[in-house]
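Let me give you the structure first, and then I'll get to my questions.
Note that the chains are named A, B and C in the order they appear, and that numbering of residues resets to 1 at the start of each chain.
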Amino acid sequence: MTALFQSEFFYNYRRSSSAMIGSALMAFFALAVLLGPFIVAQDPYDIAALNLMDSYKPPVWLEGGDPQFWLGTDGQGRDVWASILYGARISLFIGLVAMVASCFIGTLLGLIAGFYGGLVDSVIMRIADIQLSFPSILIALFLMSAVGTGIDKVLIALTAVGWVVYARTVRGSTLSEIEKEYVQAAKVAGLPNHKIIRKHVLPNVLTPLIVIATIQVGTFVLIEASLSFLGVGVPITQPSLGLLIKNGFDVLFSGLWWTSVFPGVAIMMLVFGINLFGDFLRDELNPRLK
Amino acid sequence: MFGYLLKRLIQMTLVLWIVSVIVFLMMSFTGDPVFMVVPIDATDAEIAQARRILGLDQSLLVQYGRFISSLVQGDFGNSYVFRQPAMTLILERLPATVEMVLVAMALALAVAIPLGVYAGANPNSRISRTIMAGSLLGISLPGFWVGMVLIFLFAVHWGIFPSSGRGDTAELFGLRISLLTADGWHHIILPAVTLSLATMAILLRMTRAGMMEVGRQDFMKFARAKGAPRRDVLYKHGLKNALIPVITIFGLQLGDLIAFATITETIFSWPGMGKLLIDSIYRADRPVIVVYLMLVALIFVVINFLVDIVYTLIDPRITLK
Amino acid sequence: MRDTVQQKLLEVRDLRTHFHTFAGTVKAVNGVSFDIAAGEVMGLVGESGGGKSVVGFSILGLIDSPGKIEGGEILLNGEDLVKAGEARLREIRGRDISMVFQDPMTSLNPLHTVGRQMDEVLRLHSDLDTEARHAACVEMLESVGISRAAERLKAYPHQFSGGMRQRVVIAIALLARPRLIIADEPTTALDVTIQSQILKLMRRQIAEKGASMILVTHDLAVVSEMADHITVLYCGNVVERGRTRELIEAPAHPYTRGLIDSIPDLSNRHERLKQIPGTVPDIRNLPRGCNFRDRCPRAQAICAEIEPDLMPQRGSLSAACHFPLSPGDTA
C-alpha cells in the first residue's frame, strides 16, 4: 500500500485534477450507495412510508418546497433524493456485476481463442466481429425484448454485449505473448498452460483490462438506463435511475421537471466521474505514451 | 476488383443469414403469437386452426424454411396490430428516420471536426482542455435525458421549438421529406441535436487523437522544413492523415445513430421506424420487429462495406484484397 | 583565386538549445560554434543523442516546445536567424537552407503524390507557373537518378523503394537551389549498398550547384569521404574541429581518437573491437568539469574541476581538452 502511495502513479494522480475530480465523484456515489439506506429517512419503496399529501413538492429552493425533501418529491410523495440513492444502487450494482461477468467470460474466451487457435479461434472471433458491427444498444434491446424484463435478464443482455472487447484484447495479448521466445522456451521446458497464462499473459494484459473495465461500468450504466427508460430494463418494483427518469417524463410537460432531471444529473455525474478517472488511468497505464 | 466484390457479397450474405437465424430463433422462443391474432374468446379449435394458418404447428426447421423463403421475397407477413404488411409499415417510416440520422450526423461532423482539429493542434491551450472536458461530458450523458431537458427548456419553458412530431413534408422522388420545408426544420432541430451529441463527442475525441498522432510524424516536420506555413501543414498535410482513424469508426457511428434513433424517436414522438420498433416491442408485434431487425442488419452490412471502399479511396496504401 | 577572407555562408556562435522536460532540463546543444563557407561540406559527428540533429533543427528554427533556443547566434550571410521572425524563417526554409531527413519512409506524406510534394517547394518559393514547375520537377527527378520521371511524379511514396525515396527527398531539398543543405543522417536508414550511391549523388549535386552542406552523422567513414572539415560534438559541446584529413589521421581529442579506433579494421581479424569504455552521461546531470572525463584514459584531477575550452592545437585542429593528443599518440 505504501508502495502505491509513493509511486509515480500516485504522484501523477495528485497532479491531475481530472483524476481527482473523477475519483471524488465515484467515491461520492460509492458512499451514497452503501450508506444510502441509513442516511435517508424514507425508504421510497416502502409504500407505507409514503404520504400522498407530499406529492409533487418542488425542490427546496423553489416556492412550495419542503426542507424534508430537498430535491422534491414525485407523484406518490416519494423523496427524489432517496429515490436517486436507491436507484443508483441498482444501477451501479448492475453495471459492476455485468462488468465482472463480461470480463470473466470475455477473458476466458480470449485466452481460449489465443491459445488454441485454429477453428475455435476463428469461430469466436467471427462471432465477435459480427457482434461488433451492430450497435450494442440494439443487441441489448433485442435481447431484452425477447427474454423479458428483470434485473437478471438485464445482466445477461449486458454481458452478452460486453464480453467482446475483453475477448479481443486478451486474445491479442495472448497471441503476442506466446510468440515470444521466453514463453516458447518455457513451453519446451514443460511449463503447463495455466502457468504460462498466469505468469506471462495475464500480467501484460492486466493494465488495458483495468482501463476497459473501468470505462465499461459507465457504459453499462448508460445502456441499462436507456433500456429501463424504454421499459425493457429493470422492473418497476426495483427502479433504477433510468426508470425514474421515465416516470418523470410523463409529467415533464406539466412543468414538473425535478423528478426526471435530477436522476439524470445523477447518472451524468456518476458516468462522468468514471470516465474522468478512466481517462486518467488510460494515460497513466499506457506504456506507449511514456 | 471483381473478386473482392464477390468475396464481400458472400460475406455480407453470410452475416445476414446468421442474423436471420438468430432473429428467427429468438422470436420463436418468446411468447406464442397465435394469441395476437385470435380473439379473446376463441375456442381451442379456433386456436388450433389459427396455429395451422400461421404455420406454427410445423417443426422449427420447416418454419425457418418458410421464414427464409418469404423473407427473400420481401414478404414478412402482416403486422399483428395494423393488419398491413410489416415491410410496408417500416418502409413508410424509413425516410423520417433517415432524415433525422443524416441531420444528426451532419451536425456532429460540423462541430466535431473543427473543434477536434483545434484541440489536437493546440493540446495544451485552455480552450482545448475545455473542449475535451466537454466531449467527455458528452459521452457521459444519457441521451434520452438530454432530449428531455431540451424539450423542457426549449419547448415547454421557452416555447421556441415544438416538443414532438415531424414537421410538414414535401414530396421528392415519391418520398415525403420534411427537410424541404421550414416547418420540417423547426421540428427536426431538437431531436437531431439530441441524437448528435454522443457521436459529436466521440468524433471530436478521435479527431483530436488523430491530429496529435499525426503531429508527431516526420513528414509534418519535413513539410515545415520546406517552408510551408503552420496552417498549411496542419490542414493540407495533417488533416487527411488524421481523419483515417475517424473514417474507421464513422460507419460504426452511423450505426449507433440509427440505433439510438429508436430512443430519440420515442421521446420526440418522431414517426420513424425506431419508434415503430419500440411500440412493436411493447405490443409484441413480431413481424414488424423482424422486418426492422433484418432491414437494419442489411443497412449496417452495407454501411460497413461502403466505409471500406471509402477507406481505400482515401489511403492509396490500402488496396482491396 | 582570391584567398582573402572567404565570405562565411553560415556562422554559428555559442548556440544553446535546451529542452525543459518534467524530468529536468536537457541541454542538448550547450555552446556550439562553427563556420561554413560557400561550397564547403562540414561533417557534424557525434554519438546518437548527442545533440547533432538539434543543431540542424535549431538552424531552421524548427525546435518545438519543450525545446527552446536559449542563446547564441546563427548568422546566415550576416543575418541572425535566432532573431528572425517565423515569416522570415519560412522564406529561408526550403529556399536558402533545406534539410534532408534521416528516414525516407516517414519523411514523405503517404497520402500525397511525389509530384505534389515536390511541387509544393516551388509553389512556396518561386513564381513559376504550373507547367514550368512541372518541368523543373521532372528535370530534378531525372538528375537524382530516377528514370521515367514524368510518370513517377504521379506515384505515391509507398510505391518507391527506400533508396528511391531518399532520392526524392534529396530532389525536394535541391529544388529551390538552396545555398546550404542540412543532411541529417541521410543514409543511416538505407541498405549499405544504396548508401554509397546516395552519397555519390549528394556529392555530385553539391559540387554542380555550388552549395554547402552540413552532414550530420555518427558514421566517421561516411564523413571522411564527404566532408571538407569536421566538427565533433559530445554531450552538447564541440570537443574538436578541423579539416578532415588532419582530424582523421591525427586527432587531438581522446573522444575523436576513440571514435576512429572503434571503426572495425577488416584487415586485422583477430583484434577485439575497440570501444570507448563507459556510457554517455545523463545529459540532465552532466558531471562537473569535462563531460568526457569518466570515459577518458587520459583524465587527471583537473579534468573533474575545470571544463576545458576549445583551443587551437596544431594545423587546423582545435580541441577542448587539458591533455590533447599529439600525432602518433594512441590515447
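Note that in this section contacts are C-beta pairs under 8 Å (C-beta built on N, C-alpha and C of every residue); 3 or more make two chains touch, one makes a residue touch a chain.
Just so we're clear, the structure is a prediction, and the values are computed from it rather than from any experiment.
**Q** What pattern do the touching chains form: line, ring, star, complete or other?
**A** Drawn as a graph, the chains make an open path, so a line.
**Q** More contacting C-beta pairs: A-B or B-C?
**A** Most contacts of the two pairs: A-B.
**Q** Where the CA atoms of chain B average out and where those of chain C average out, how many Å apart are those spots?
**A** 55
**Q** Rounded to a whole Å, what is the gap between the Cα centroids of chain A and chain B?
**A** Their C-alpha centroids are separated by 23 Å.
**Q** If I count partner chains per residue in chain A, which residues reach a count of at least 2?
**A** none
**Q** Touching chain C in the complex: which residues of chain B?
**A** Contacts found on chain B: 217-219, 221-230, 237, 240-241, 314-317.
**Q** For chain C, which residues are in contact with chain B within the complex?
**A** 60, 62, 86, 90-95, 98-99, 101, 103, 106-112, 120-121, 124-125, 156, 158, 169, 172
**Q** Please name which positions on chain B make contact with chain A in the complex.
**A** 15, 18-19, 23, 26-27, 29-30, 133, 136-137, 139-146, 148-149, 151-152, 156-157, 163, 252, 255-256, 258-260, 262-263, 266-267, 278, 281-282, 289, 293, 296-297, 300-301, 304
**Q** Write out the stretch or stretches of chain A touching chain B in their complex.
**A** 18, 130, 132-135, 137-138, 141-143, 145-148, 218, 222, 225-226, 229-232, 242, 245, 248-249, 252-253, 255, 257, 260-261, 263-264, 267-268, 271-272, 274-276, 279
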